[in-house]
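Presented below is the structure to which this report refers.
Naming follows writing order (A, B and C), and every chain is counted from residue 1.
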Amino acid sequence: MNGAQSKQAVGDAPREAPLRRPSLLRRIWSAEHWMVHLALLCISVGFLMPFVWMLLTSVKTIEQAMKFPPEIVPRPFVPENYVTVLTHPKMHFLLFARNTLIIAVLSVLGTTLSSSLVAYGFARIKFRGRGVLFAIMLATMMIPFPVTMVSLFRIFRWLGDNGLGQWLGTYKPLWVPAWFGSAFNIFLLRQFFMTIPEELSEAARIDGCSEFGIYWRIILPLSRPALAVVALFTFMWAWNDFLGPLVYIQDQDQYTLSLGLQTFQSMHGGTEYHLLMAASVLVILPVIVLFFLTQKTFIQGIATTGMKG
Amino acid sequence: MGLLLRQLRNTLLGLFVLAAAVLLVFGPRRSTRPPAGRVVVTYWEKWTGTEGAQMQEIVDEFNNTVGREKGIYVQYLSVSNVDRKTLVATAAGVPPDVAGLWDAQIAQFAAMDALEPLDEMAKACGITSDYYKPVYWKACTYEGRLWGLISTPWAVALHYNKRIFQEKAEAIRKAGGDPSRPPRTIEELDRYAEALDERDEMGRLKVAGYLPLEPGWFMVHTPFWFGASIYDEHSQRFTLTDQRVIQAFQWLRSYSERLGPKSMTDFRAGAGGFSGTLNPFLAGTLVMEQQGPWMANYIEEQRPSMNRWKMFKDLKRNEKLAAERKLSVEERRANYEWGAAPFPPSDPAYAGATFAGFDVLVIPAGSKHKKEAFEFIAYVNRQEVMEKICSLHCKNSCLTKVSDEFRNHHPNPYIEVFENLVSSPNARAIPPCPIWPEVVDEMNSTIQNIYLLNATTEEALREAQERLQQKLEKFKERQAQRRRALADARR
Amino acid sequence: MRAAELRQLGKGMAFISPWLIGFIVFTLLPVAMSLYYSFTDFALLKGPLPVGLDNYRELMWEPHPRGRFGDPHFWNSLKNTFYYAAMALPAGMLVSLGLALLLNVRLFGQAVYRTIIFLPSLVPAVASAMLWMWLFNSKLGLINAALMSLGVKDPPGWLSDPRWAMPALAFMSLWGVGHTVVIYLAGLQDVPTELYEAAEIDGAGRWRRLWHVTLPMISPVIFFNLIMAIIGTLQVFAVPMIMTGGGPARATQFYTMYLYDNAFSYLKMGYASAMAWIQLLIILALTAVAFWSSRHWVHYQGK
């Protein structure tokens, strides 16, 4: 599956296919260069505009927000909205943040550990039926959540009724499945593991290392970028997850941020958009900050896992 | 430079992780901690903000009196979408002990065996059918059993802006009305509404005399004012093709035909919602609307000047209420810019028609503390407590006995209007239909189709009739199947 | 099997056991159960009542007056979902591929552009839905304000107009193409430079290089994204649920939304399970079509 000619070794910085190799000056002044710039600039402005509008609305009063034609920059502007949101009686922001964090951390730990374990099995151990099982795993990605939604609910209820621990009404349905591997992440990691030279494993085996030892002491340390990607993806997914909490969490004290944000949507109509935008900014912020701080690892990891199917 | 950036990035990352750790370890947990040694009764309720705080007051009083005596602690939790959440939690086997739902859930939840029946416990407390006004008691029962007891009842009346009536006196007179009183029939209402409409330079609706969409919460019950209902419980049939029902929704549609469907939705998109200073009735952009007795409270909170038209301009709420005690009802009302009156029926034969709704307390099936939960429900239903919460929430009373204090010194000077309405024989409550959520969804989209002028009223209603009746039949068939299967299993 | 094979099997199974157990408990069992439930009437509060094909009948072929068959909301939600897919899928694929190609050009500020394009896909569905709800507000929203300032007299009602609600949702989905773009970028970077140089030597211009070198080389990535997009688009739920609740007049009621309502609002879980299985079969069918067609246009580099 890897290109025979330009195989990338682990840890290489990604390369690009340059279009030409003229001199730097000629590159900068070429017309196509500027056209691409222009196109990207326009598109970026379009992509950023909703964010900007969100930020601007978040510091307006409700009257300013409801003005038409809309006032672009509010004067005076109201950073107190953020305080209001943090102390809002309907949305206990910090409580929800903590709840979401608990689920996210447990999911990240579980996914990373289990997915890497399973991916190792699929990538580095040749055994009978491996291909079939891997194909089945890939196929499970096609199963829409609604198919399992009702049954899982029933299973969790049965577990609770029969003394195998109360699942519904807790966070277990949201993070425990993560400890059994996630198809997408297993796939990512398996692709990555396959790029690690077999010689390393051979040498270790000759030295008498167990299979698990190879996994733990050799493969994992070499896979940091890929593991980082898995961890980050999982964190972001858990932070943003809406459907899972919607189905499994009814007690408002246990809400996650996604559910909490929805409580701003007033049943009586007339959403307080300024507060809603402020709350949204607060919910988005951690993920974006995390992304910026780990950008390099992220991009590197994606490139080296080579997701070409 | 690269090294510096990397160190900066790592520090920031470290701080980030630290913040997360702090949140995890020291972050907030549940909202309140119940005292040890008492049975904890979880109570999920829809109210937040002021209304929530008011109910919390009642809960606190209970906890400090009956609760302390009997070792019960009620834990109040404000929950959004409390009906669906309670249903799913009940299905999940982890329901709250008491749930504060709406009238609409009684039939549906009871039919699904999602509620505990309250007959015995109520009778033991002395709460029987003559304790409540008939329209309310009936709506708490389904198939002959009692499933819930009311926390706060209410009814729907016409609210109108007296000040704007005065300002536009000429226009109203020209339309054949009398600006000193509200319209008395539906036909008059339409004339008033048209006379009071105002448009801006771009031709868009700026002020609306009346809009059925605003607030639009009771549209499905519009037939009440036309002498009919969408569902007949005795025959267990939907009656959407009844002439009077068609007439009712045709009336609703007439506003869309007159104003254009888009102008109405634009007006609503630009108006503030219910709870905000930009509520159109409060802002004066809507002159008449169909609302409940809580309006007095909302107006007091959001635009107190409307409750202090001529006097008491600087008085706070409690001071004003104290000052008002010395006035007669008419004098009190004269000081309010707005008024409430029975929403006009299409025919005088239907005078006193209203939609009598309520918030209800139920015990979900599988609740772990049924007896204790009922203690709380019974407490709320004591006359003094009921009148207190209804007074705080600014609603009328569902009890047959109403104290003079309540009647004469209620925060809403128009409370007599509501009390009369819910005592009238033409007052109706929500139809006891077990598939009500599907009815609501179906009626909502049908009504939308009607006012968006996508189909004629008759067509839309006919389709809805077929679909809903068929769904109901299927539901009953399944119920019968289940009963047979259960009976077979027993043999 | 020989002893060595057996040992390997043991080792392999040990490693993949978490997934295997999870698969059985959280996937296989629920899927089998939901198949069973689809043939029952089930409200979770009481046991399931077998009703044979009745759920499917009610959904698809139960005759009604005026020549209608099945549950009109089922057909409506299916139609809505396909309508959305017809707009969002091609638009999404073109836009994401185009963006990836643009972002692959080495120029100044490339990292910044990439970040900006990727950022929206980090936003939780709830926040995104509310933000765009606000942007699309027919009276106060930025979009209509911009349109009016450009001279459009009567801009559409967007989410409150049945004709415009779905296109609005499809347009909004383009904001989140970041994920897909990133995957394309990874694929583009794997294209061997030798091929480009060879093409240049052969005198191929930029467009021909694109058509004959780039696209075939990344066709596996395109295929992967296509499959993912099909699966995702047919399951859209959170965003429209928050933005429109299915309205106006069910114009934006997606399949999964109606399914969810049946399951958790009406507690008709058997009915919902039947809907879920139909959804699964549709996805399988479309994926199979994609796989079959892939023979003609997907080229894998030598294995």
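Here are some notes:
Quick note on the criterion: a residue touches a chain if its C-beta (ideal position, glycine included) is under 8 Å from a C-beta of that chain, and two chains touch if they have at least 3 such contacts.
Everything numeric here is computed off the predicted structure, so don't read it as measured data.
If each chain is drawn as a node and touching chains are joined, the picture has every node linked to every other.
Just to note, of B-C and A-C, the chains joined by more C-beta pairs in contact are A-C. Between chain B and chain C, the centres computed from C-alpha atoms are 38 Å apart.
Separation between the centroids of chain A and chain C, computed from CA atoms only, is 16 Å.
Touching of two or more other chains is recorded for residues 44, 139-140, 264 of chain C. For chain B, the set of residues that touch two or more other chains comprises 88, 91, 270.
Chain contacts: chain A has residues 66, 68, 153, 157, 247, 262, 271 touching two or more partner chains. Within the complex, the chain B residues that touch chain C are 84, 87-88, 90-91, 112-114, 262, 265-266, 269-270, 365, 435, 437-438, 441, 444-445, 448-449, 452, 454, 466-467, 470, 474, 478, 481-482, 485. Residues 1-6, 8, 14-20, 28, 32-33, 36-37, 39-40, 43-44, 47-51, 53-54, 57, 65-70, 114, 117-118, 120-122, 125-130, 133, 136-137, 140-155, 157, 177, 179-181, 186, 211, 215, 236, 239-240, 242-243, 247, 257-259, 261-262, 264-265, 271, 273, 276-277, 280, 283-284, 287-288, 291-292, 295, 299, 302-303, 305-309 of chain A are the ones touching chain C in the complex.
Looking at the complex, you find that chain A touches chain B at residues 62-63, 66, 68, 89-90, 92, 94-95, 97-98, 101-102, 105, 153, 156-157, 160-161, 166, 168-169, 247, 250-253, 262-263, 266-272, 286, 289-290, 293-294.
Within the complex formed with chain B, the residues of chain C that make contact are 41, 43-46, 49, 51, 58, 64-65, 72, 137-140, 157, 160-162, 247-250, 261, 264-267.
Those residues of chain B that touch chain A in the shared complex are 9, 12-13, 16, 20, 23-24, 27-31, 44, 48-49, 52, 77-81, 85-86, 88-89, 91-94, 215, 268, 270-279.
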